[in-house]
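Both of the next two complexes hold chain A, though its partner changes from chain B to chain C.
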Partner chain A sequence: MAGFRSPVGAIIEPVAPSQVRARRRLPRYAAGYIFVAPVILYLLATAVYPILNVIGMSLRDVAAGHWYFVGLAHYRQVLQDAVFWNAFRNTTIFTIASTIVHLLLGMIFALLLHEAWFSRGLRNLTRGALILPWVFSTAAAGLMWSLLYHPFGLLNYLAVGVFGRAQPFEFLGDARIALGSVIAVNVWKSYPFYMVAILGELQAIPADLFDAAKVDGAGGVQRFWYVTLPQLRGVLIAISTLDVILTFGHVDLINILTRGGPGRATETIAFHVYRTALLDGNLAKGSAISTIMLVVLTLFCWLYLRILARRGSESW
Partner chain B sequence: MRSEPSRWIPALLVLASFLAFAVAPYAAAGPSTQVELKWLEWWVNEWGPPNHAKLIADFEKANPSIKVTVVDTPYPQMAGKLNAAAAGGENYDVFGVEGTWLSGLNKLGYVENLDPWLAKDKAFAGSLTGTALRRFGGKTLSLCLYLITYQFAYNVDFFSKAQLKAPTNWDEFVQVERRLRDKTGNRYGMSMPLSDGGFLYGRYFGFRLAQEGGQLIDDSGKVAFNSPQGVAALKWWKDFYNMGLVVPGSLGEDQTQMLEYVASGQVPSIIDGPFIWSKAKQIDPKIKLAYAPAWRAHTGGYFWSCSGVGMSAKSPNKDAAWKFLQYLYSRDVSVNMTKTISLPWATKAALESLKSSTDPILKNLPDFSNQDSAHNIVSPVLPEAGKLVDALKIAFQDGVTGKKDPKQALDEAAAVWQAELDKAK
Partner chain C sequence: MVVVTAPQRRIRYGVQQGFIVGVSVVSAALLLVPVAWMVGAGLRPIKEILSYPPTLLPKALTFQYFERILANPTYRHFFLNSAVLALATLALALVLGSLAAYGFSRYKFPGNKAVLMGILALLMLPRVTLIVPYFHLAHVVGLYDTLLGLIIVNTAFLLPTSTWLLKGYFDSLPEELEEAALVDGCIRVQAIWKIVLPLAVPGLIGVGTFVFIGSWNEYLLAVVLTETPRAQTLTVGLAQFFGQYVRDWNGIMALSTLASLPLVAVFVFLQRWVVQGLSSGAIK
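Let's turn to the complex of A and B:
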């Protein structure tokens, strides 16, 4: 079979009919679907199916091992329950306070580490030390802080032994300060995540932007506000959204430190779900609370991203 | 010329892998007649691994057709694991279970009704103590493995050095705690963990309630812990708590911390169950704890609860599971385990053996049980038990800290209890 010459002079051999048939079996776009199919299947199995299952379970109840449809009864029950609203309030405080302080601390440390220090070695050492809390598992961090908060722990030793306080602080036993104490641990545990992400982004900002700002007469604060912050916008949106999602769903830290107490002072929605579904065995009601949590979180993230996107288009 | 790879080679590999996977479990299982019994529980460390291993080995030796696979799970994860198994259809033929978990598991259809099994074996049923059957909804859902009551336990060596005697009543208890409190050395006589509802339910409120002559639920099924006796019980603990004699931070303190205090000698006394000594010995093998003799306030009643075992309604090996339960409660095992691990098995033979016991914890149990049995409170199996115990925990915490008046706090908890009890009817 003879070939023919293309407009640029290359000789193109005609394709055998059998090869043409083989190539035409699947349309061109199908290859894309085949490549993403494993990921889609994985997501269906590990995310979509469990979510649908939880929603289905929330609409049913069980007696003697037989599940039956009850419609929205669990949702009505949950939404009329003062314990749920208390958990919702605690979760909101816990999430917002943690995220804001994470952001502030992460930003401050990242900016400090981004500056030129008199000793590069000391800066690297400080950077390593500041990342350290992130390395701890939540269980280890919880245990360590429960010892620090202990009536005979280091903090109370300082309070009573050094500063002469009459009674030790009940960090985890006093309803007025317990939630704050748990937030402090969460802040300590997770600020390095922000710090590392912001530091990485800071190092990627072109130096000539700052030079140009200097030439225009911008001071340090103005350079931060008009150059640094807009450049960090993308990473701040990404990590704060992720942080809200993770903090909203915290169970382990609460379980290790306070188990939701004293009273219900530190009971978050995620812990309420854990207690209702897994400790009390009320899976249907637990599923209803989980579904509400999912809806709230999705709405929050959607709204948050929307507001930020709008602000982004208007500049910071 | 390069030869084409044969299509047979991958096909043979696939077939070989399939056969290997399909045959492996049967090949590893050994004789086809052997039954595998899965036992989900949390007692390996509590009883000591060698004691536990011997218990299983002796059973397997006597019953070569049954192999017991122990799924040892830390206690805090047990309830979650059992509920997940019940919801997900995972089988554990026999499982350790607390009374507070039973109603949820029963709802999921996971718990075998033991009444027909007990009816078939009257001698076995007759060998158990009267408080061993955990009944709910007209069915026996589990058997108490060992009986637990709560009493003042103290560090014998510490008391001896301090020339203190074990208190014989509640007033002496307060006096002893006052003497143990050393304000200059920041030393406390006792820790009182109040963060866990299940913990304070029996140890503090239930104990004093029994001694006040009260009940959790009366004979007509009505909630009764908000009675004058219940209020008096909570007021007593409120007064005690506010004397500043217990380690600060009670509301944030859990059992683990309490155990560390006791085992390390930081606090020399505690109110706890008979297992406290064996647990403390795992941290300090030399520690010696003893129970104070039986106390009496308005009555001599004690609060009784238990950890028990149940059988799965979905077990394919119910006969083998029942055989295992019979073994666990047999005369030899119950008497031997009571002696070895200092936990009073819920059999008549085990309780009988305590009469001649020299164990400083166990020897007192017959007195606790018998001095005023009419006023003993046996922890009931409750519907939505987690929620109810939690409501009582909040009432107790609010009561002792003065956040609420004891009567008001107990009335609120009683309303939660009554609503659930009525719903269960």
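Let's turn to the complex of A and C:
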């Protein structure tokens, strides 16, 4: 039994035959707990406890180093703040636009890569090149695009020098287009993930479905509409929900490209948390916004898990 | 039925291939322009890049910007920090993750499904929701501005992913393999070490690459939990450089290129496993 007390010990210690017999009296699945215990304990300490902590902090305030209970005061303040609703609006635009374009690009490239190419090598090389943006850090991606967005950068050369626009665009400085410019970088950085996911699913579609459709006289467009798309429906719903969740919590790019500006034109709820808690130093109010995010995310997560569970039980 | 002659079929095939390959290759080339521009700006005077029109092919190549970055001990220290962070997170996430993945895959204990769902929910938790408690707790336990603190929180965010993906991988390995070894007198630990782990190597490589890239590129936690170069990583260094020396595009792009180089190398060598891992486990 000694081995069960320490998960690590149980794995490394040589086990005497008598102990093996003792262990057999436990149900077979008991050993499973030993394997999963380290991860569960780790996540309880480093993720679950901080979640409880942030909820607790959102109900308190701090003065002279002492935390005291204030109830829902921060929530009232946050929800009445126009800045929050501006961030809410930006987050909605950022998330929906990113998700749609991610899926669109991912779908188009996955379909192209799934076709038979005359050269497998060229296809694999192109696939690698199309995945590459995903490898760069958001910091590096932000810097690359800042260079392209520069008043004398490549994009403005195209706008002014080639297409004859009178003045260069201020991609990140003009409140009307700044959010769009940030979305473009986010799309560039993240579409490969969805491309690879869709590609994997395409490869799993049984070939005889296409053959049957061909025999029935279906053309390329019809095959896509009646065979490919229904087969992809499950994965498309799953990854778009996942994308909404991931984009919703995104801070890095905004912090590097615009810091929420100009004004608050690109401030999302996630960046609003960062600004309130870390830049303005209001930890309690930041906690309240974090908790609001957690509630929204829980809803999305619940939706996502339901979709996954359905995918598991039904055949699409 | 329409009769299609052989030459017609060949022409149709050619047009079709031209479209598929052409669109893909041109798109890939266009999407890599930002990368080319970054590398280019690290290698030649900036006026070649920021001008109407920019020069496509460099007139004067120089390594002076790269040399200047590499000669700076602060930046070298950022590299070291990023490497330590990424490797330590990789080790933790793979060891703990594969243990748990094996447990979830092979033992149907009460609570198995519920805990897995909990881990899946944590997988989707955005870092930003926990920056406030991390900032607070890091000060309380004395891990603020330390590399160890960053390793702990990075592992917290990558462990659910690695557990989930590896569980999918172990599920795909037939259990009969270990059963046979157990019958042959191996104890389970030996069966895992000698039979399961070697078979899981492709999965471990794929998930490991994912974790390595994730922690090397991590920015938000690093910017929240560090304040001196002692614990700061490359991503923070990059963003700071950008804030301080906005006009020094050559230096920024040289540093940014150097910071991305290890990842591109890792990706180029391990692409196959990454693609497999992402497409098989990510959404199932």
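The working rule: the second predicted complex is superposed on the first by the 263 of 316 C-alpha atoms of A that agree within 3 Å, B and C clash if a C-alpha of one lies under 4 Å from a C-alpha of the other, contacts with A are read in each partner's own complex, and residues count from 1 in each chain.
Heads up, the rule we're going with is that a residue touches a chain if its C-beta (ideal position, glycine included) is under 8 Å from a C-beta of that chain, and two chains touch if they have at least 3 such contacts.
It should be emphasised that the depicted structure is a prediction, and the values quoted were computed from it without experimental measurement.
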item: Side-by-side fit of chain B and chain C on chain A, or clash; value: clash
item: Chain B versus chain C as contact partner of A:V160, first or second or both or neither; value: both
item: Touching partner for A:F171 - first (chain B), second (chain C), both, neither; value: first
item: First, second, both or neither for A:F152, with chain B first and chain C second; value: both
item: Partner, of chain C and chain B, that touches more residues belonging to chain A; value: C
item: Partner chain in contact with A:D280 - chain B first, chain C second, else both or neither; value: first
item: Contacts of A:I237 with chain B and chain C, given as first, second, both or neither; value: neither
item: Partner chain in contact with A:T126 - chain B first, chain C second, else both or neither; value: second
item: First, second, both or neither for A:L209, with chain B first and chain C second; value: neither
item: Which of chain B and chain C A:M293 touches, first, second, both or neither; value: second
item: Touched partner set for A:A64, first chain B, second chain C, both or neither; value: first
item: Footprint overlap on chain A, where chain B in one structure and chain C in the other make contact; value: 146, 150, 152, 160, 274, 277-278, 283
item: Chain C to chain A touching residues, read off their complex; value: 17, 20-21, 23-25, 27-29, 31-35, 37-38, 41, 49-54, 96-97, 99-100, 102-104, 106-110, 112, 115, 117, 119-122, 124-137, 152-153, 155-157, 159-160, 163, 187-189, 213, 216-217, 219-220, 223-224, 234-236, 238-239, 242, 249, 252-253, 256, 259-260, 263-264, 267-268, 271, 274-275, 278-280, 282-284
item: Touch list for chain A against partner chain C, complex; value: 11-12, 15, 20, 28-36, 38-40, 42-43, 46-48, 50-51, 53-54, 57, 109, 112-113, 115, 117-118, 122-123, 126-133, 135-148, 150, 152-154, 157, 160-161, 188, 193, 196-197, 199-201, 203, 235, 238-239, 242, 245-246, 248-252, 255-256, 270, 273-274, 277-278, 283, 286-287, 290, 293-294, 297-298, 300-301, 304-305, 308, 311
item: Chain B contact footprint on chain A (complex, rising order); value: 62-66, 146, 149-152, 160, 167-168, 170-175, 178, 257-259, 261-264, 274-283
item: Sites on chain B touched by chain A in the complex; value: 79-80, 82-84, 86-87, 101, 103-110, 186, 194-196, 247-254, 257, 266, 313, 384-387, 390, 393-394, 397-398, 403
